[in-house]
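Quick one: structure below, then a few questions.
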């Protein structure tokens, strides 16, 4: 067994530098690597390119890095739940590359899977296709999309073991397994870290080979963005 | 919940015809859809194209379809554990298309995922690359491979529910989840069929949307091809 | 009378067939789930990674690890499955999700849809919309027939940046049900009490009108 | 004396570093697992879908649902993971598996390898070999220096259909350890008691020989 455990967030973040490209798992605020983001927002690193489906809210998630103007460029599918984001984008200090959500997911997976490019129908005929190769398959036009990788990928799982194996919970899985594949160094933080052998090998979502460092998260706020309930009858 | 249960193998195979393309999950004899194969070998359908990593042995697995000369073409990565296969191949009555194993897996997934083609480094510079587009990414040559789909995909899982959700066991998973995605009609046979709600949604390997019919397998031989043990100390 | 949002959703619910996998967009489409007939088996997919989505949770039962693509807390039904975003879009791109219902700012007579970007305004992104419209065999748009300025959203050609081409099959608005045909928009139904002239007036594109146009039955 | 198969495996085991993910091919490579030093943490990947492969099972404990890529019954170690074939080759193609050890019929001085097909003979297929050799950062070949006819398998140019190009980094044979460099094969070590002349005679390709060539230490 190869031991991936790091005992504190400083060890987990060792090697992060300005101008690097980072990936962050999560959809909205669900399944985001809260502890890694909080610690990154305290480091003096700037000019980051961040790949994440969303960009957090003003005081939580990637909003924390935006507040300190650490991010130079966001690669996302949906942003702007966040006034600071909007301000920086409209003033031109923040570059934003918007990508169809399915293409974003598949491009991360491709980056981790050694597939440099693939064809998808998503975005054909739209401004997303500008400058991209178009080819017909079965009479339907597709565009060529390239793989995404990152210097660091930060992911969050429900349970993990010392070998780096991860199990996610609910829809907090989302982009986490794909970004875990695509990071040169993948840092996984988990709600519960257990010794190797305690997780059923048949139920692992992310095999440990994709994870370089695993950390017991200190605390999780798990903020709900749109609390929606139905009345009790 | 959409109910996918069929009560017998005849209903499971409804619509199979000569000259169709079938996919079969399994690696060697592990995880093959035993009941579907046995029933297909009793049907008067011929001229089949079969996509499967291997081709069974003389008296088990796809060997049963070869015995009755039902297969016109095999698309596989490794074959020939089987004298009848060898005889038909050498006499030219059986076409064989050999594909690198990783490309076979990815082409099935791509077929199910609406990705018509992707680049891979596997096979570059070899006869597998003949007639295929070559392109360099990051200084490394890759070849363009296309998606595979099938009229029917036959897969085998350990447990399944009435909604078609599947959980595999051990290395019997192999190609099954990928081929389940790529069948126009996917027939899943399982060792244990349970009502919807009994499987943990977080532990599903193949979501029911990829499965059109699910069947409790009648019996499983689960033959071991290379029994290998170590001595008790 | 023109339909309200709930009635648009109610009319769209009639388009759902037994055993369909359906993806509902944010806004009016989300309301469609409230009008599924009891004897029709449907499973809802949400692109952030769930199949077999159920109703919103009871108060106090919200789970931050269980949300839909609109980031609302949800529940799951028996037979549900959870998965990652790549698998989710494999379902969508691979046409396993049969029907997508989504809102639009404009639809053109060749089936193009614009629903993600207004030049000059803050652009939030396309989310999963471009993948959804590029893939589903059947795409139904739920929207108001005209915008707040009273201008038609049913156009010869989209003016806004488009989300996808040749993809919309049907439109249900507060005034009418339209089908996108090879020859353009065909008027199928009128909202109860809405006259033909009102629909024609509210529509920039040409309408194909054949025979008597029935009223919707809700 | 020339090495036997177990000794070739033993020598290759010295190439394994701490914390490496390794894929072992069928034949001599499989034997490498028997010689891993106790203090070196290694995980074995098998391309049919397992990471953290353990030794063969005890008699009576064989599980038909747990095999390796050679179709042999296996066990798993604590911390193992099971997955499908696409994920398995994502690990391989994506260079997460750092070292591949496999057999060969021929290797050429530019690092090409031939190990899947002999024209005129029954062709069984490449299995996962083409994906493995096209991907791993480090590829070590385990093989006999010459074939049964006594002909060299270390060639200027492969004669058999190749499995991959410019990929082999090192070769351990019964006679020697060779490195594939930009300028061709460099002789690194001799098998115990084997003279330089014997190696040169058994090698069709040119050998780069610099200084004293040490004997392998086993």
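The letters A, B, C and D name the chains in turn, as written, and every chain counts its residues from 1.
Throughout what follows, a contact is a pair of C-beta atoms (placed from the backbone, for glycine too) under 8 Å apart; a residue touches a chain by one contact, two chains touch by 3 or more.
Computed from a predicted model, the values in this text were never measured in an experiment.
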Hopping only between chains that touch, the fewest steps from chain C to chain D number 2
When A-D is set beside A-C, which has more C-beta pairs in contact? A-C
Longest centre-to-centre distance from chain B, chain (CA-based): C
For chain B and chain C, let me know how many angstrom lie between their CA-based centres, rounded off. 36
Chain centre separation (chain B, chain D; CA means) in Å: 29
Would you pick out the residues of chain A that each touch at least 2 other chains? 106, 109, 113-115, 120-121, 168-170, 202
Check: chain C positions touching at least 2 other chains come out as 50, 82-83, 86, 89, 92-93, 135
Can you identify all of the chain pairs that touch? A-B, A-C, A-D, B-C, B-D
Can you list the residues on chain B that touch chain A in the complex? 106, 110, 113-121, 135, 137-138, 142, 146, 167-170, 202-203
If you look only at chain B, which of its residues touch chain D in the complex? 27-31, 53, 76-80, 86, 89-90, 96, 98, 100-106, 108-109, 120-128, 158, 168-178, 205, 222-232
Spell out the residues on chain D that touch chain A in their complex, using ranges where they run on. 19, 21, 41-43, 45, 50-52, 76-83, 86-87, 89-97, 135
Applying the document's contact rule, which stretches of chain B touch chain C when the two form their complex? 1-3, 109, 111-115, 161-163, 165, 181, 195-197, 201-202, 204, 207-210
In their complex, what parts of chain D are in touch with chain B? 46-50, 55-74, 82-86, 88-89, 92-93, 112, 122-131, 134-135, 161-165
